[in-house]
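Two complexes come next, and they have one chain in common, subunit A, joined by subunit B in the first and subunit C in the second.
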Partner chain A sequence: MTGFIIRRVISMAVTFIVVSIVIFLMMHSIPGGPFDGYEMPLPDNIKAKLMATLGLDKPLWEQYIRYMWGALHLDFGVPFQSPGDTVIGLVAHAWLPSVTLGGLGILFGAPIGVLLGMAAALRRNSWIDYLASALATLGLTIPVFIISTGLILVFAVWLKWTPASGWGEPKRWILPIMAYGAVPLATYARYARATMLDALNKPFVSVLRAKGLSERRIIFQHVLRNAAIPMVTIFPAMFVGIATGSIFVEAMFRVPGLGAYFVSSIDKRDYPLEMALMLLISALYSISYLLADILYAVLNPRIRIEGRAR
Partner chain B sequence: MSDTPALELKQLTKRFGDFIAVNRVDLAVPRNQVVALVGESGSGKTTTGLLALRLLAHDGGQILLDGEDISTLSQKQMKAYRRRLQVVFQDSYSSLDPMMTLGEIVAEPLGIHGVATAAERRDTARGWLEKVGLDGSYANRYPHELSGGQRQRVSVARALILGASVLVADEPTSALDVSVKAQIVNLLQGLQADMGLSMLFISHDLSVVRSLADEVVVMLRGRVVERAPTDRIFSNARHPYTQSLLDAVPVIDPAARRRRTFLSAEEITARTPRITASDLVAEPLLDTADPQLVALAGSHFVEAIVAERATP
Partner chain C sequence: MTELTTGTTASVPLAKPDSVRQRSPLYFAWRRFTANKAAVGAGIILLIIILMAIFAPVITTTGPNDQDFLTNALNFPSGAHWFGVDNLGRDFFTRIVYGARVSLGIGFSAAVFSLLVGLPLGALAGYLGGRFDWVVMRIIELFSVVPPLLAALLLATVTRGGVWAIILIAGIFGWKDVCLLVRAQVKSFREKEFIMAAQALGASPWHIVWRHLIPNSVSPIIVGFVLAIPLAMMLEASLSFLGIGVQPPTPSWGQMINVGMNFMFYYWHMAVFPTAALAVTILAASLLGDGLRDALDPTLKGR
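Now for the complex of A and B:
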């Protein structure tokens, strides 16, 4: 198991380096630079001086190494768009609403989805099965900005139960959380239904019935345990969405989270901020997949044994 | 001991929508005997097994376990009877919960019925693993570490650990290769003799049936078309479908190879045997010109048309 984790961590580090190089090159391959404004173009000599102070006149490889060296020491530089701040400070500040929104969205969406999917599997072709399928399909196919608009229209405009947008007091959180939770809910409703049905149709379930085990125990002791593996393993990947998936929701509900900076940093060629955000996503992805693999190994005896044998 | 069969099905019927999967099936498994239920895929033999186990709701007829009607019991009431009535399925891999060790799997029935303490259950399970020819150390292993034959042994141990008297074996050897198949058949045969098991052995493999069964019941499209002691089926099959099943058994010696006849559904219907009333040992149940199951000498039943005044 330890060997398995070490191997995974090494491959994760290699992936991370490759990804950072690709991101860096792509970022710089977008034409234009941070000082190419349209309205008040800077004189060339001033621009050159600014570029030199920020080290942007150096060759790309040198810029990359400098940035990554800084990043290793948790120094991600100063964002061009707010020079009084640091990238770390800015991200730390905007991080909280994003995590609150994403975390609560998953916390509400995933369990409801799991319950819905389980109910659908246990009562096949009943109204709850159709409801779960309909919700799952809608949740996965309708873009989140349409869902958001719909929620605003129904709950804020027609029913006037909640404010239409903003953050701050928890009353304003309700709609964004519902919008954010739609995808985890839909994903889990589908997943839970499929994995439960898969486990329910195994002959060992028939054997358990033949042995006289009650239906409730069959489901809780055997079926759920088998169905849980795939469900647990997609969970870490959901967390990455906290940083990425909420961009639209944050924009629709004007939540002061990280989402806005993804757009503005690219738009303004704010290299230090852009790079930091991209590295953050890569790190989250790497860690979540590592966690998923470890969880899978812990839960599944088949993998556990193979890991031990090696 | 009385003549009450260990397991008896009377006029058992199951419909799936308009399709009649099991159509008024009668069969009886006498104590300490093996009755084979044979037929092609889709003939209703597996469904019959599931109905007998009360794992599938039937639409008509009765299921008698040691003479007691269990067909109307609730699943809760069934629990007590389940100790006596057990099952082994074909797919040995998915028959075992992949999350559990073999020891846990084999011991679980004891836990379900609240038999013995946890430690005793573990020991009993180990004992059973050894009884079916596996090392006791297998108790700590997982199903995926075993071969198909080994897994099937575990299924057998699990089925019999509660001291079942009736075993429904649904194609337990069909997924195994020939040599392993023989081992499992030997195991079942040995356990059957040791424990006085009565077995309903569902199979399409007539060579296995021949070595194991006392009686053979042939199903076709949900109906029992022939039923007779094993020797009689192999020597004197009367129904064209049974004959074509026997023809389909591979013969290794090329010189002894017969021409195989594969009959279509229409051909089988057209060749339904006609039997004169004087050949019957019992009055036919129905006064009809349609095919019905009739009794011949030597405990031999066949679906036939009773020809009233046929000339000999």
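Now for the complex of A and C:
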């Protein structure tokens, strides 16, 4: 088991470093620099001096190593768009609405999705099965900003039940949370249904039925436990959606979160902030995949053996 | 594919044993597909949208960028302008119809691109195995660590948007699904007897892959192709929505939603129609893809 984890961590670290290099190069290959966007162009000598103080005149590999060395010490530099702040401070500040929103979205979407999926598996071809598949298909295929537009149109513009946008009092949280929750809900509705059906069709269920166990005990004590393993393992992947979901959901509902910085930092060539955000997201991605792998290996010993043979 | 000829599902009645006729696997796939009402409906809707995109100049006589007097801007839907008029005085129905061209064009081109890259790489990785396979799998792993949308954001800024850039970006993030599907299929066929026979006869690896393995991978190829279309359309819409995709005045639904958001509270038609158009098209394309996958490869069902 330790061997398995170590192997996965090493492969993750290598991938992560390669990805960070690729992102760094891509970031610097965007034409234009951080000081080109002003209304009045800066004189060349001032620009050169600014670039020199920020270390932007150094060769790229040196800049990369300096940045990553700083990042190892949790120093991500100073964002060009607000020089009075640090990247860490800015991210920590903007992170709160994003995480609150994302976390509540998952808490709203995942349980409903699981319940829907379970109900759909137990009552196949009933209205609830069709409802679950319809919701799953909608949530997984339609982009989040479409779902958001739909929610705003229905609940804010036509029914006037909720405010359309903003952040602050919890009343304004309802729509963004629903928009966020759509993906976890859809994922779990589809996944729970598939895993439940899978477990229900296993021979041990027939044995339990033949033994005369009540249907309730079969489902809750035996089937659910078997179906729960794959459901638990995709849970970390839900958090990944927070990052990309935040760009659209926060833009649609005007939430002062991290999302807006993704676009603005690229737009303004704000290298330190951009790199920090990309590193953050890639780290989140890698860690949740690693967690999912480890969880799966812990819960399902067959994988470990397969991994060793490979 | 061998399972297709022998195995049946409950919904496909087999002919009586005494009147056995050789049926191709595609026949059974077609039977399974037509039994799936959602997929058939989605296919018909998609066909209508494709026809609309192709015959756009016939459907609406005005051009997508023709402006009416600005006093008519933001007019609500009426007999003359079915979907109303947008903020720049352009007929919104025309914009939506021409938007289908952009959306579907990008979807199809990106899928073709994914196929051109993913198919040879997947087939070779599956057949050769070893070091080549290792390299391809590591590259795919790299792509799975970066969220596609964020990388696409970066790439779109590097290339400054535009239709071809979007197609390229969608292809870059779409080829790996095709590659994985083809690789899995080829890998399972590599050890089969007919491949061994071909090898024993001295066929070159290229001949084996091209004449034996790829024809046997038709189902994953079709599935990968069709499923890549809605993904590319979604990427285009998302990037255009953020303002770094297809640049105005080219009509793109994602871009129209972005503009429509600002007018949504009173001029509802500005947001409703592009949202509905995009949702219906993407939904139809994915349902069709899912239906084809279930029909062509019943073993993948439920994934």
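Assume the second predicted complex is superposed on the first by the 299 of 310 C-alpha atoms of A that agree within 3 Å, B and C clash if a C-alpha of one lies under 4 Å from a C-alpha of the other, contacts with A are read in each partner's own complex, and residues count from 1 in each chain.
Methods note: a residue touches a chain if its C-beta (ideal position, glycine included) is under 8 Å from a C-beta of that chain, and two chains touch if they have at least 3 such contacts.
Just so we're clear, the structure is a prediction, and the values are computed from it rather than from any experiment.
Overlay on subunit A: subunit B and subunit C fit together in the combined arrangement. Taking the Cα centre of subunit A as vertex, the centres of subunit B and subunit C in the superposed model span 70°, given to the nearest 10. Of the two partner chains placed around the shared chain by superposition, subunit B is the only one that A:212 touches, whereas subunit C remains out of contact. When both complexes are overlaid on chain A, the residue A:82 reaches neither subunit B nor subunit C. Within the superposed three-chain model, A:202 lies in touch with subunit B and out of touch with subunit C [touch as defined at top].
Of the two partners, subunit B and subunit C, it is C that touches more residues of subunit A. Judged by the touch definition given at the top, the superposed model places A:226 against subunit B, while subunit C stays out of reach. Once the two complexes are overlaid on the shared chain, A:267 sits against subunit C while remaining clear of subunit B. Once the two complexes are overlaid on the shared chain, A:26 sits against subunit C while remaining clear of subunit B. Looking at the shared chain after the overlay, A:138 reaches subunit C, while subunit B stays out of its contact range.
By the touch criterion defined above, A:126 lies against neither subunit B nor subunit C after alignment on the C-alpha atoms of chain A. This overlay, made by fitting chain A, leaves subunit B and subunit C with a least C-alpha separation of 5 Å.
On subunit A, the surface touched by subunit B in one complex and the surface touched by subunit C in the other have no residue in common.
Listing the residues of subunit A that touch subunit B in their complex gives 202-204, 206-213, 215, 222, 225-226, 300-302, 305. The residues of subunit C lying in touch with subunit A in their complex are 138, 141-142, 144-147, 149-151, 153-155, 157-158, 230, 234, 237-238, 241-242, 244, 257, 260-261, 264-265, 268, 271-272, 275, 278-279, 282-283, 286-287, 290, 302-303. The residues of subunit A lying in touch with subunit C in their complex are 11, 15-16, 18-19, 22-23, 26-27, 29-30, 137-138, 140-143, 145-146, 149-150, 152-153, 157, 164, 194, 197-198, 240, 243-244, 247-248, 251-252, 262-263, 266-267, 278, 281-282, 285-286, 289. On the subunit B side of its complex with subunit A, the touching residues are 50, 53, 55, 75, 78-80, 82-83, 85-87, 89-91, 94-99, 101, 108-109, 112-113, 142, 144-145, 155, 158-159, 162.
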